[in-house]
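These are the structures, in structure tokens.
Note that chain A is present in both complexes that follow, paired respectively with chain B and with chain C.
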Partner chain A sequence: MNQLLMKTEGLCKYFFRDSGFLGREQKVIKAVDTADLEVKHGETLALVGESGSGKTTLGKTMIRIYKPTKGKIWFEGDEICSVEGDRLRHYRRYMQMVFQDPTSALNPRKTVLDIISLPLRIYQDLSRAERRQRVKELLEMVELPGDFLYRYPHALSGGEKQRVGIARALALNPKLIVLDEPTSALDVSVQAKILALLQRLRREFQLTYIYISHDLSVVKNTSDRTVVMYLGQIMESALTDDLFKSPLHPYTRALLSAIPIISAEEQEVIPEEITLVGEIPSPLEVPPGCNFVSRCQEKMPICETDEPPLAKVGNDHYVWCHRYL
Partner chain B sequence: MEQVLRRKEKGNLARAFYRFKKNPLSLIGLGIILTMVLIAIFAPFIAPYPGDAGGAVHFKEMFQSPSWKHSFGTDEVGRDVLSRIIFGSRISLTLGIVVLSVAVGVGIPLGLFAGYFGGKVETVIMRITDIFLSIPPLVLALVVTAVLERNLQNSMFAIAFTWWPWYARLAYGQTLSKKEEDFVEVSESLGASRLYIIFGEILPNMTSPLLVKITLDMGYAILAGAALGFLGLGAQPPTPEWGTLVSLGRIHLPKMWWLSTFSGLAIFVTVLGFNLLGDGLRDFFDVEVD
Partner chain C sequence: MGVRNTILNIEGLKVHFDTLDGTSRVLDGVELSVREGEVVGLVGETGCGKSITAKTILRSLPVPPGRIIEGEILFLGDNLLELSREEGHQVMSKKMSYIPQDPMTSLNPVFSVGEEMGDLIRWHGRRRLGPLELMGLRRKHDNSIAKAVELLDRVKIPAPREIIRRYPVELSGGMRQRVLIAMALIGYSSLLIADEPTTALDVTIQKGILELIEEKVKEEELSVLYITHNLGVARRLCDRIYVMYAGTIAETAKTQDLLDNPKHPYTSGLISSIPKLTGDEFKGIDGRIPDYIDPPSGCRFHPRCPEVMEICEQEKPELVKVGGGRLVACHLFSTGGES
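== the complex of A and B ==
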């Protein structure tokens, strides 16, 4: 359980945009900046942060959907950041993704059979009948009836589409699945069912999840560890229970205080309300020093000039903030 | 169970046809085109004087006005105008099919590649496309036919030469929007080949606008072919090409009015048919084509 599945060191993903006359200036968007992460076998690691914090980009870069700009990624001890071609394909089958928008994730011109067959066609040498049999099994795993094989995505509900997306991700027996807000496009009643399905699949197939979300109440109940991101950088990383009990980074505290409270029990856990002023800055104009400095209510002079160092504040609890040195 | 589903798909088709039927104009268009295709296929059996399609000469019967014997009259060497127009449908439809096959076959892959690969590939392909689009098609076709020998094959080539950039543009625009969809990223991350992604994932998503544009363009291509024929740069006599027939009859206007009128009407009706059908399909698929 505590074996390391994936580790990243100084992982960066920058996007470059030409601007100015004839594109002579190049602007750099640091979508993910020096991310250090560890993912353990069988755990659910949550990436949280508001829109534009780079959590989706980090997830996609970790499983090499995006090519990293800098840094290192180890998958089961193998460095996979610089591998290409067939070697990369070898690792890709173990790392799959479930997308936020199930409609966009399924080609509207293909049947469910074709959609789920694609990974099988690329990686496995099966006959048509064998493939169909396997797709039927996969549909069963995600609790869809076998007669969905010949349906087109437009004939499916949002939840059913997402199940098809999950079935496709499972097709090659992956070890790691990046779930990019898998329920945020769905109705509340369907959300719970999809979450329960994902939990069941995780136990059944010993899967490791990277769960990208901005729904903190879901994260609290489903993930083992939580990583808080802001403007492309990791702010705090801790066991989920620790993080919700004793959030340290000013941003984490503000984020947690924004959770809608229902029970009195929750009331005790969550700090008094902190309202952040302003918007997340444009990733084109990242402030010097700490990324959070423009909205931090506890900033010190050093925050304006120096990047915050990493501080280990407890068992598996890390925070990138000058206040905890 | 699968049987049931198959039947259900068929049910969708039936419903699609029902929706299409509700637009009477597009049905008229479909009717015109089907009639034209049948006429073209069975021309030797339908034409009252099949021998008159070519260079036959019957001086005794020249310049007869429409009658029971010759419904559309006869021309300057006594050939039956109706028979010649019936055989002309073969030429016009062939021209339309050949021109569009070439234009689609060349333009669509170029547009797909430009849109999918971007960068230098896009710059080269799309700038060449822009150059072609900046010259009026008929003028460009005139230049090409003027350089080459004047015959039907070369006029088809000339029109196709001016036509592909529109398809490159259509495919390019569609590709730009489709390649941002997550299903393309899924295929990429699974390591599917680029050719599969372009032709297997992206291309099927542009069939509706493509079908509409091809239908509308059949009419315009036939019109362009007739224009070249009229100017004497396309099919040469005695080929019974409609544009050529209009042009040959023109010098006998207004007295021998039937020569140009009926061949002109044939062009008109065919182009109208494709336009009505194309408009109907456009409403049906609910797509925009430029």
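== the complex of A and C ==
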């Protein structure tokens, strides 16, 4: 549990956009800016934030779907930031992903058998019958009946499609799975089933999850550690229980107080009411100083000029905010 | 409570859709009412027919393929389904307003906010405009721009004079939703229908929009039919909630009663599916939403119901009173079944 599976140091992913006359100027979108993270074996690390906070980009950069602009990534002690070609393919099989929208993540012209067996065809030398057997096993793991083999995605419900997506991610016995909002396109009654399935699989196969979500109620119930992101930067990182018990960063508190809840007991868990003014600024025009300064209600003069330093405030609890120095 | 007039009353509404595979029986006897000054939530999962209900009330149901089979929609004494096009238009445009679901596609991208709002203000409740107004020549003299600015101000958009010159692409999702809410506040309508106005938004933005709607409802004493799939949002806004499943109303009760003590097995399933901050266990509902072309016999929830009885497969349960102003459509509570 305490063994390190993945570590990132100063990980950055910038996107460049041409602008100005004949595209002579280049604007930089800092989708992920200096992210330092540690992912331990067997844990679920949640990345939370609003749309545009860079959580999906960070997840994709960590498993090398995107090539990082700067920084370092270690996977089981190996530096994977600069590896390419066959060496990268070797690591990729251990790092899989489940996508947000199950409908667009599955090729509508392929059957479930084709979809799930593609990674097997790429990485393993199996006969057709062996592959079919393996896909059947995988379907069983995700609690789908065997006769789904020859169905097409359009004949499946949202929850069933997401199960196929999970089976595909499991096909190569990965160590790490990035779950990019796996339930945000699903209804709550289906979401609960998918989350239970993911928990069971994690226990059974000792998987490590990076769980990307904007739904804090889900994060509270599924993850061990939570990282809060805003505009490409990490704002706060802590054990999930600690984060919900004592959220420190003004953004985390605002985020928690905005969760729609259904009972009075839940009200007690939530900190005092904070309504954020304004909106997330354009990533092209990030304010100087702290990224959150334009919406922060507790800002100090220093926040507008200096980037906030890292403050360690407890066991495994880190905040990037001037208030906690 | 209770003495207030009912302004919207839907009874036995059945809507079918003709498809290539057969007739899809989408709404199967919806019963719903909204009283004056009441905020009513209509809650259900994807495909349960909540938006179709709203569209039928607003007379924007596409016919064909849609067909209203039977039922009545009484709105301020008129049966909306029997009114002519012209009369219907009058009632609709003067007495109802609507906040759409998707702020990204609900504003016309080729008009600026001011133009779009100005048109709505000029046309509001009218079928014809004078020739000068039509050509836009009277624009200088009419007060539509001033009114638009005032409306934007009421929905707390900063610098409204600036915003009316902007085009929708220049505004964020939360801003666009505020513009749409401002447009819904143009008339002094009796009924506001809001179709999931915050689903496309982030939670922090959603919170601001909910606060705004809450405030406007109080200020203007609006009656609201608020459609959502999120019980947490409904809890925040609504006095009373209808739970809808597969084109039928499963249950209605005052918000807190419904959440604390759900009666219908579907409602309990739905509530226990929501992940809670207290860390209580949550479980989903087995099975999937039924096919509307060949819906399950009897109660449409019976194939997924944990408390299914024999009668559930044969007879469709009626909405029955169970005390405290609550109505439940389940054989567990009807006189025929166990109590």
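The criterion applied here is as follows: the second predicted complex is superposed on the first by the 323 of 325 C-alpha atoms of A that agree within 3 Å, B and C clash if a C-alpha of one lies under 4 Å from a C-alpha of the other, contacts with A are read in each partner's own complex, and residues count from 1 in each chain.
Note that in this section a residue touches a chain if its C-beta (ideal position, glycine included) is under 8 Å from a C-beta of that chain, and two chains touch if they have at least 3 such contacts.
Please read these numbers as outputs of a predicted model, since none were measured by experiment.
Enquirer: Should the superposition on chain A be reported as showing a clash between chain B and chain C, or a fit?
Expert: In the superposition, chain B and chain C stay clear of each other.
Enquirer: Chain A residues in contact: does chain B have more, or chain C?
Expert: Chain A has more residues touched by C than by the other partner.
Enquirer: According to the stated criteria, A:50 is in contact with first (chain B), second (chain C), both, or neither; which is it?
Expert: second
Enquirer: By the touch definition at the top of the document, which applies to A:63: first (chain B), second (chain C), both, or neither?
Expert: first
Enquirer: Kindly classify A:109 by the partners it touches after superposition: chain B alone (first), chain C alone (second), both, or neither?
Expert: A:109: touches chain B, not chain C.
Enquirer: Go through the superposed model and pick first if A:299 touches only chain B, second if only chain C, both, or neither.
Expert: neither
Enquirer: So in the superposed three-chain picture, is A:195 touching just chain B, just chain C, both, or none of them (first/second/both/neither)?
Expert: second
Enquirer: Is A:168 contacted by the first partner chain B, the second partner chain C, both or neither?
Expert: A:168: touches chain B, not chain C.
Enquirer: Touch test for A:260: chain B only (first), chain C only (second), both, or neither?
Expert: After superposition on chain A, A:260 lies in contact with chain C alone.
Enquirer: Which of the two partners, first being chain B and second being chain C, lies in contact with A:220: first, second, both, or neither?
Expert: The second partner, chain C, only.
Enquirer: Per the contact definition in the header, classify A:244: touching chain B only (first), chain C only (second), both, or neither.
Expert: second
Enquirer: Using only C-alpha atoms, work out how near chain B sits to chain C after the chain A superposition, in angstrom.
Expert: After superposing on chain A, chain B and chain C come no closer than 8 Å at C-alpha.
Enquirer: Taking the two structures together, which residues of chain A meet both chain B and chain C?
Expert: none
Enquirer: Mind pulling up the chain B residues that touch chain A in the complex?
Expert: That would be residues 1-2, 4-6, 9, 181-183, 185-192, 201, 204-205, 207 of chain B.
Enquirer: So in the complex, the part of chain C that touches chain A is made up of which residues?
Expert: On the chain C side, the touching residues are 45-46, 172, 174-175, 202-208, 211, 229-233, 235-236, 259-260, 269-279, 282-286, 288-289.
Enquirer: Any idea which chain A residues touch chain B in the complex?
Expert: Listed in rising order, the residues of chain A that touch chain B are 63-65, 88-89, 92, 97, 99, 101, 104-110, 115, 118-119, 122-123, 146-147, 149-151, 168.
Enquirer: Hey, which residues of chain A end up touching chain C in the complex?
Expert: It is residues 50-51, 157-160, 187-196, 214-218, 220-222, 244, 254-255, 257-263, 265-266, 269-270, 275-276, 279-280 of chain A that touch chain C.
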